[in-house]
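See below for the structure under consideration.
Order as written gives the chain letters A, B, C and D; numbering starts at 1 within each chain.
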Amino acid sequence: MPVSLADIRYELAIANRMCAHEGVIDAFGHVSVRHPSDPGRYLLSRSRAPELVTSDDFIEYDLDSRPVREPGVGQYSERVIHGEIYKARPDVMSVCHHHCPSFMPLLATGTDYLPVFHLGAVGGIKPPVWDQHDEFGDTNMLVIKPEEGASLARALGRHWMVLMKRHGVTVAGTSVKDCVFRSIFSARNAEYQVRALTLGSNIDSLTPGEAGLAGSISTKTTGLMRSWEYWTMRVAKAGGTPLRAKKKTAAAKSRRRGKTRRR
Amino acid sequence: MPVSLADIRYELAIANRMCAHEGVIDAFGHVSVRHPSDPGRYLLSRSRAPELVTSDDFIEYDLDSRPVREPGVGQYSERVIHGEIYKARPDVMSVCHHHCPSFMPLLATGTDYLPVFHLGAVGGIKPPVWDQHDEFGDTNMLVIKPEEGASLARALGRHWMVLMKRHGVTVAGTSVKDCVFRSIFSARNAEYQVRALTLGSNIDSLTPGEAGLAGSISTKTTGLMRSWEYWTMRVAKAGGTPLRAKKKTAAAKSRRRGKTRRR
Amino acid sequence: MPVSLADIRYELAIANRMCAHEGVIDAFGHVSVRHPSDPGRYLLSRSRAPELVTSDDFIEYDLDSRPVREPGVGQYSERVIHGEIYKARPDVMSVCHHHCPSFMPLLATGTDYLPVFHLGAVGGIKPPVWDQHDEFGDTNMLVIKPEEGASLARALGRHWMVLMKRHGVTVAGTSVKDCVFRSIFSARNAEYQVRALTLGSNIDSLTPGEAGLAGSISTKTTGLMRSWEYWTMRVAKAGGTPLRAKKKTAAAKSRRRGKTRRR
Amino acid sequence: MPVSLADIRYELAIANRMCAHEGVIDAFGHVSVRHPSDPGRYLLSRSRAPELVTSDDFIEYDLDSRPVREPGVGQYSERVIHGEIYKARPDVMSVCHHHCPSFMPLLATGTDYLPVFHLGAVGGIKPPVWDQHDEFGDTNMLVIKPEEGASLARALGRHWMVLMKRHGVTVAGTSVKDCVFRSIFSARNAEYQVRALTLGSNIDSLTPGEAGLAGSISTKTTGLMRSWEYWTMRVAKAGGTPLRAKKKTAAAKSRRRGKTRRR
């Protein structure tokens, strides 16, 4: 378990790159973490593609998704997804929002997600589906306003994944690693489910009992650590390991305050 | 925004490689730009695969798709696609023609393109479909004659994308970056739509209101620049960053005039 | 044919990486080999992703899947799959367990595997299908208890492949190379079969006579060695060739005994 | 146009690697060329995966597929495919046999190949389909006997492609480049056709007139050379450019005669 803020930042940078490398996020999408010592804050990258994110890119936000310090750089417009979920769910320590291609056929047809193999249990059986249009009418589909984020968080409820119709998916986890594991394996499962559905509508889902038991595989250490080592290696092989933060975070921040920064 | 012709050429070389790397174009297909200071001209590569194009490869054409100077190298046979669209649409600054695999199922079955997620709005709702056979009968399917290009431009009308049955797609944009963004995300959307259609015919498209609002995401700076940085990085990682032009363009041209050049 | 234990270990490390590189296994899944001189033992990696496995990672197990020496490292929870098959099938020298995406549509719908091209004959015609739920009710789906492994081995019977509903596949072979060949080409065949089924249900399978004759292609030297050289090269090109063991195995073991080891 | 035998060998080595890199052939499959000065002979690699083939690997065969000199190395068992087609078709200068995944759904369901975009015309409209079982009953599906090859050549007739049910595809060309172009673009077309068929059975094929005109694009220089340069670059980028032959071919052969050689 990472303990220092620097370690958390580094783990979060890797998490973003991992999800990108495994095809869950592309130019868009992002992974955040709740601040390890202040549950009223969370860390999310400045506006840049997740595959490029480094330890230095994270901005601290309060749960209303306002930056704690003037960041002086571009910000993701959909950060309220993260803030509102952290506000509604004290047990959630990490959030991933993505538009993974594997989910798109489900999101475009309103088909329920079903775990079709044990690792797919991380997404639950028929997790909630949210459509921004229901409550907010015609928008540009982005979740930008606090009330849009809050509506999504309500839809998520006690679940770990919520499907966003004609848009994407948001996944929650008890840690960065748990959130990444859920994000990647639910995406794999969606891929398999969609391909299975092309053979007909008789899908054998996991039973509720199986899904409950298999769903906790992600919180057991062996499989989770094995996967994390594997995905880390794959990012490294592709030349994508992020650099460590250049400076001590606190110092860096005080020096950076009010300055714009571009790399 | 690039200002010099050298910058425009370099951006266009990257754009060609980007579209290749992201799977929109392969050995065939091309991206052009209208000349920044002379709206009666446009720049398009000599005949070579887009993934290989450099700043030095562009030929200047007038809007009748005649080279301004004898290029002394092979030319794309379908350049009238570009010229006729620039002629018909003064607001278009960049054009991409491609045969992206994602679109092929739509083009082979006459299925309308529908935006199934917000970024797919860049292609519009049910953009026009053009079949060369309707007006010109049996051809080798290539758009070579000025009247063929003009017919395609008429079909495009005020839209930003036109589907070419049993052939490919042509996309227009207000800048090179806008054109690339539209080309890549409409291709992603087509992929998702086709996969969704394998689950049944009940596709939930964006509403006209949503498509209008979401369609302008591409012209907002944050998402566009984030994507451009991402795609640029991916081209670089794959070892595909183009070289800068070797010489000042004007000088290079005068020296090159009438000479054949091969690399 | 490898003769020394060091050679066997090295071949097994390559086999694990090969199956990973060819998309048969990912973070999960594993390939084992029966001990070359003691048929009552088998070698299986410690708990780590197959793509990372080296000659030094293998643990010796007895056929009850108990480590012969205290390994001091994490172990795969599903090792009884291997042990129980070696126990039931003296002719089996290598076992691969995987969750290959290509099989998932079959496993999620209960569709029988059919060889649709000659190399697919390595999996047989309609090999047995096993569902852990039938005998054990709700579980986390992992094959962990000896009786679960024994049930799977009974389902395998005299076949070379058994499908595990809503979970994965287990493949047996007469050697590591044979097992890898069967694993990879049955996965290719499953991919083709699933895609063929999207065109309709009229699949032309190999006849029993053809499947019997074509199924023995894998044990003929030319095709098997050609494939092995090819997959080895592909692992090497991807920078994934495993290191040779650092020490003589026996010595290494005695020194390692009772010590934890992490790399 | 290559003129020397050394150039022909080098071009053929690249052709094999190209087809491998573009996903047309894998561990199996092969591309051959008719001997440039002796139409009664052809060149085909010794038994090895096409992606590994070098200029030194080619064996000269007569049209009965007997090696002109004792090769002292393993040979492809299916070489009669090549020999019998060269015998039956004096206009054919190059042959490619493959099991490309894109074709498998057609081959497993007996679905006719249809050109769904202009470049797919290289395969013709509904090219012939051959089933080894019709004439030879249960076999291991490999085309090994001269009469099997002759039967396939008869099925090919005056066409440029013949589908082999539950097996693969054989493509002929007027040159190595033409054969590769046909092989790759017919495979792309098959991919698109199969995906289009998942949307329904209403495929808009090219008309016979269009297919005739578009089919000759491959013999025009611009597109063919552009594709060749592109595929060559892609092989090079993947680190797969073959070495030039080490020695003059004739000398090498006389020295090699009767010796086994392995690399």
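Couple of notes before you dig in:
Note that in this section a contact is a pair of C-beta atoms (placed from the backbone, for glycine too) under 8 Å apart; a residue touches a chain by one contact, two chains touch by 3 or more.
This is a predicted model, so every value here is computed, not measured.
For the touching copies chain A and chain C, the fraction of interface residue numbers used by both falls below half; the interface is of the different-residue type. With centres set at the average Cα position, the gap from chain B to chain D is 33 Å. Rounded to a whole number, the gap between the C-alpha centres of chain B and chain C is 46 angstrom.
Multi-chain contact residues, meaning those touching two or more other chains, occur in chain D at positions 198. If you sketch which chains touch which, the chains form one closed loop in which each chain touches exactly two neighbours.
Applying the touch definition to all chain combinations yields A-B, A-C, B-D, C-D.
If you check the complex, the residues on chain A that touch chain C are 116-119, 121, 188, 191-193, 195-196, 198-200, 202-207, 209-210, 212-214, 216-217, 222-223, 225-227, 229-231, 233-234, 237. Within the complex formed with chain D, the chain B residues making contact are 26-28, 47-49, 51-52, 74, 77, 99, 101, 104-111, 133, 137-142, 165-168, 194, 197-198, 238-240.
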